[in-house]
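The following pair of complexes shares a single chain, chain A, combined with chain B in the former and chain C in the latter.
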Partner chain A sequence: MTRTFVAPATLDEALAAMAAGARPVAGGTDLVVGARQGKAPLPDGLLAIHRIDELRGLAETESGGLRLGALATHEDIVANATVREWFSALADASAIVGSHATRAQGTIGGNVMNGSPAMDAGGPLLCFDGSVILRSASRARTVAIADLWTGPGSTSANADELLISVELPAPAPGTGSCYVRLEYRRQMEIAVVGATAVVTLDGGTVADARIAITALAPTIRRIEAAEGALVGSDGGPDAIEAAARATAEASTPISDVRGSAEYRLAMAVVIARRAIAGAIARARGEHIPIPASPALHGAP
Partner chain B sequence: MKVDATLTVNGTAYPVQLDPHISLLRAVRETVGLTGSKEGCDDSECGACMMLLDGKPVNSCSYLALQADGREITTVEGLANAEGLSALQRAFLEEGGVQCGFCTPGMLISATALLRATPSPSDEEIRIALAGNLCRCTGYDGIVRAVRGVAAPGLVP
Partner chain C sequence: MASVETAPQQPTFIRPDGKEKVTGSGRYTADLTLTGQAYARFRYADHPHARIVRVDASKARALPGVLAVLTHEDVPGVKYGQMAQDRYLFAKDIVRFEADIVAAVAATTEEIAARAAELIEVEYEPLPAIVDYEAGMAEGSPLVHEDWASNERDENLVADGNTLGYSTIVKGDADAAMASADVVVKGRYTSDPSHGVPIEPHAVVAQWQGDKVTIWSSTQVPYIARSGVAHTLQIPEANVRVIVPLLGGGFGAKCDFHFEAHVAALARAAGRPVKLVFSRREEFVAIDHRREGMVLEFETGVRRDGSIVARKARLVLDKGAYCGEGGFLAQMAAMHACGPYKMEHVFVESYLNYSTTQPSASVRAPAAPQVCWALEQHVDEVARAIDLDPLEFRRRTLIAEGDEGPTKQVFDHIAIKETLERAAELIGYGEELPDDEAIGFSCGWWPSFSSNAGAYVQLNPDGSGTIVTGAQENGTGAVMAMPAYVAEVLGMRPGDFQILYQDTDAAPWDMGSAGSQTTFNAVRAVLDAADDVRNQLLDAAAEQLEAAREDLELVEGSVRVKGSPDHAVSVAEIAASTTIHGKGAGPLPDSPPVEAASCVGRLGFESFLAPQLFTHAARVKVDRETGVVRVLQVAAAHDSGRILNKIGADGQVYGGIAMGIGMALSEGTLLDEQGRQRNPHLLDYKLVTSADGPAMDIEWVEIDTPNAGPNGSKGVGEPPCVPTAGAVANAIAAVIGTQVRELPMTPERVWRAVQERAEQEGDAR
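After this line comes the complex of A and B, so read on.
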């Protein structure tokens, strides 16, 4: 088949190209790298979306939430003051994706639609109750992040649907969040094990808790048993330990080149403990630097 | 099918015709003819191919050349000026930041991107910024000294 390439300036043209079978590329940090590694050949019909202004932007919404245009890069996300203050776990994650070249080129839209169970930003987006707006030439729909990832590298989006934006509602007052990963190398690394915690304190009590695992199951997912171990507690060491253990118990990791399943399970407790403790500390107003990895490496 | 594009490399516009799957690295090396940027891993792990695209670092082995159409590309060949090597390039030579030299074009580009964004980086910031660039010869210390040496004076320990 003939190779084609279009780089339109408008969304309508892009959606028409999608309808005709073209597949989108933005920063290329997953699609092109994946082709180089032999995961999947580059599509014959390429739709470059980097010129489309309707896909840009990273801004607080009127209700205090966040709208991330598909083309928002990890560099944009880390630099955003609203993200750092109210969605700290997302800043923790975007700050450690790839290298500074990856963060300058890699977009949140591509990251989400790549569907990797090891993606750093995935746990934070899930725990912040994120949703995505998908559009094709014929319709638009909103899909909760929780319903988007269906397996390693697969999503519930149709082939002709383009991610337009990721939407996050405003977190409740008293919320702190943290993402921590186990890594062998400081940059160009993929999480061996990762954990996200988003904790809301009301007085001295945990009013709400979201805990998600990364690289510990076929998709990034929340662990209700761990969340239940925290809610209603004082957020102290015993509650954190119970939640961290529940996180590991619910994990179903694989063995691969980055770690054995046994090692991942052993580390899941440690990484979950650090993420939960970090989220509670931030909810209490304590300063933990962004990114929390490596700031919390060496913590209990 | 080849597609017409203009690659502007180090301020010079090159009209080119490219296959849609060609990487920016191959287009610059083989079509434009500037071979300073290197292919190390072809996998975005090593950073030897790093260029600046509109001033931002990019692993050019993993970026489609046609996406650079009409944008500003800077390679290692564009770092020197009329007076000779840039201060950073001289510092690499003086501090022993170069041995075999294969990683050097990417290291220089990566460090240039760092210094433009963060003129007075700490040693930790230098090491983080360059951690996407692998060097098998120097042990990195000479490279870090070179970058530290040209960071804004008086602010770095």
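After this line comes the complex of A and C, so read on.
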């Protein structure tokens, strides 16, 4: 058994290693933990990408959007003022991923490419119309987040493609967003049920709504019926309740050690309701602390 | 009533092992590396219950880098188990749980050892799994041990088929008395198994020199490990030395003899030192040492004035596949089903049943937290049935000075009622709370354990001292506090003393870090040895100073004549000119007298020596929509007699509460229908994190306890994790209006209880 480990400083060298079969590692919070748990052995060829400048950075773009380099950690994301103000749901999510150590170590690139249906940051990236830049030795392409996740742990990226960055367009004025997760404890938690809402208000009316579910289907996905129940409404309790119920109806949860399908479905309504209410409140300029989950669950 | 006072403020206690543990320079068993060291790996059972038809290790043996492969054929064919000898080092004909060890490999690298373990071919004939330990008692059920009747066991274990131990606590005639009660309340509860989860995994390193073996092991009980190695490898105990490097937590999970002999046998066969370090998964499935699952049924008859006429209870405990040290669990559980209450008639029966799942044994206060959790919910239900506040009902029924227990043990110098009042005061019981918050109470007891222990204290020519103790430091600070006690006796400073400990070749036998016994027994021995040294110092000084012994005092590192401080000789001078070495053991306290002739399966717990008594009050917040519970505050009031080291004792309560909240809300091992663990990792076996910790208020109600530990102390270590889950349960029930009858009380279970309550209310309307 021969194992290789390379840690190049340039993107070209990294893409060449990918072409030769190496697999990237950054924070290692999925790869290493998974290998220790016996989920999948470590790949024989490991490509450490932490030295590559093109993969760094977390900044507002000229058009008011956001570019997150693959190596941006959850800590970086939570600390970023643009994210907190304009992409609050993403800050909500990154603030509660794993533990302090996970957030300091884990990167958005690895998080996205791991393809977990329980990924906290996934719903926000999807609802903000995110896309990813993928590069291989031979080409570069942009893939919408909506087209990236194909099943639990699988993506539409080719094996030799490396995620360079995640790009988010500027949200419309009057937009508020919120990510809420059911939490059994306050740290080192994984989503059992999660919901994202991105709501744009125009006057007193909901002009646009994006609602996504986490850990309630094989992939994180948007729920059009729920969005439809909100758009055009006043964003009041009845509309929120209708959207929350539509969210649950479109969910297809499984039963596992973290909860039964029946419980998850019941929680889908509760969590979606809290996320939507949080997004609307933020769109109205009300203050909800980041992360929203403990605040909305009534923590002291 | 005994006089009660609050603990005086004590100087800050600095642990000798603190700096190395905090800075990371401390060395644990897994950190050891010996020249030529090889790596061990176990091959576990592929079925939770099966007959082994054939084992072929030839492919594993042929793999380059493999130094030894062992099966039952390579070790003596003797069974072991402290209370029932029902197990071989390597499964011989039958595997009885998912991590039963079939074979072991030593190889030059961990990867080769892992590969070799996989290459061992084992052919099985699967047998029916026995996971339902209550159904396993039925006539005609398949047996976990076909040969149970011929296994040697403790003569007081009452065994029958899948029942390893049957115990009863009997007082008067509970059936007849129940009929005379004003109100009878019944309740059934179940508890999932759980784990101690020390952060340091089990690790063992063994090295032979000639026919003697040195074993470094992450054990809480080095002397018991030594006995286990000697017995299973059929070598003299004198040829086995067990050393424990720093221990990274245990919580009971590292009690008993486990893997030391497997590794020693591998090292002998490989002709090299061999090291075993468990993965986190193995730490869950393979340590054969979990907290047992339990089914509990209670029936209590009361009068309207709150007096308990009769208590009946039936408990069924999941022993898992093998006995080990855990044969006492049934009787211990039965005593906790009585609890520290006045009761006129009692009939409690308790079954400890084998199953084809992981063995159960001591985890911090074995059997007590689950029984306390269930009983204390039942107590609240009884209180409600006679329209008494839970606090008031406990006031009327808890034992006090001069009362008798379920085996007619008469208690003196006890302060459980005071702990109830103090906990209620600390948590602010009676104050207005938001409608999603409430307070619950839970009371309990736990015995102190009397055991042999011995120590030496010597003085060195430089004026320093060395304490040699058999006691085991598992993180509580019980051993680390010894220099402070010895220094006080000898008029020296704690920093003057080194401790030589955790080496079976150095110190007298000790039962290890178990049963809250280290301070209770080992400090008794150390103080006795310190007295011996004191006498030797006084004798030597009397001669040198030409003074009468009784005129001398030991102060600030010198022996001096009282009233004339210049007339003195330093301890260092004495120690340099003569040999000063003391030894001690001290007299053991007596077992309190009881009337237990009508109790069956008596293993010594029918009397509770120097009982530790306590009340926890918990304030919780329940999210009724999700079932998520947050524990906001816990007030803990304990009677552990005199407190010798307050900062150490407080630490036990902080940790105990955290462990108790984990048991209450999230720590449960889930099994599939074959008895395999479904969540053997820290993501889905959810410990309480520091972010979840509540505000904690601690109070020690101190009274001198006769017939107890040093200076009127009792034990401290185990009880703090006993009552927390019960207090949390009663607080949850007070918010949602119904009880959660399964432990842990996970969000989904709380949510279901809320749903069922809503349906019942709907039906009632």
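FYI, the second predicted complex is superposed on the first by the 296 of 300 C-alpha atoms of A that agree within 3 Å, B and C clash if a C-alpha of one lies under 4 Å from a C-alpha of the other, contacts with A are read in each partner's own complex, and residues count from 1 in each chain.
In the analysis below, contacts are C-beta pairs under 8 Å (C-beta built on N, C-alpha and C of every residue); 3 or more make two chains touch, one makes a residue touch a chain.
Note that the structure is a prediction, hence the values are computed from the model and not measured.
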Chain B and chain C placed together on chain A: clash or fit? clash
Review point. Can A:187 be said to touch chain B (first), chain C (second), both, or neither?
Key: both
Exercise. Touching A:258, do we find chain B (first), chain C (second), both, or neither?
Worked result: second
Item to complete: Classify the contacts of A:28 with the two partner chains as first (chain B alone), second (chain C alone), both, or neither.
Response: first
* In the superposed arrangement, which partner chain does A:266 touch: chain B (first), chain C (second), both, or neither? -> second
Message: Applying the document's definition of touch, where does A:2 land relative to chain B and chain C: first, second, both, or neither?
response: first
TODO: Using the superposition on chain A described above, determine whether A:141 touches chain B (first), chain C (second), both, or neither.
DONE: neither
Given the touch rule stated above, what does A:38 touch, chain B (first), chain C (second), both, or neither? second
In chain A, both chain B and chain C touch residues 36-37, 99, 185-188
Listed in rising order, the residues of chain A that touch chain B in the complex are 2-5, 7, 25, 27-29, 32-33, 35-37, 42, 46, 48, 50, 75, 98-102, 104-105, 185-188
Residue positions on chain C within touch of chain A in the complex are 111, 279-281, 436, 621, 623, 625-626, 628, 630, 632, 665-666, 670, 678-679, 681-684, 686, 688-692, 746-748, 751-752
Listed in rising order, chain A residues that touch chain C in their complex are 1, 36-38, 99, 182-188, 190, 257-260, 263, 266-267, 270-271, 297-300
Per the touch rule above, chain B residues touching chain A in the complex are 1, 3, 19-21, 23, 42-45, 47, 50, 53, 56-59, 61-64, 66-67, 69, 110, 113-114, 127-129, 131-133
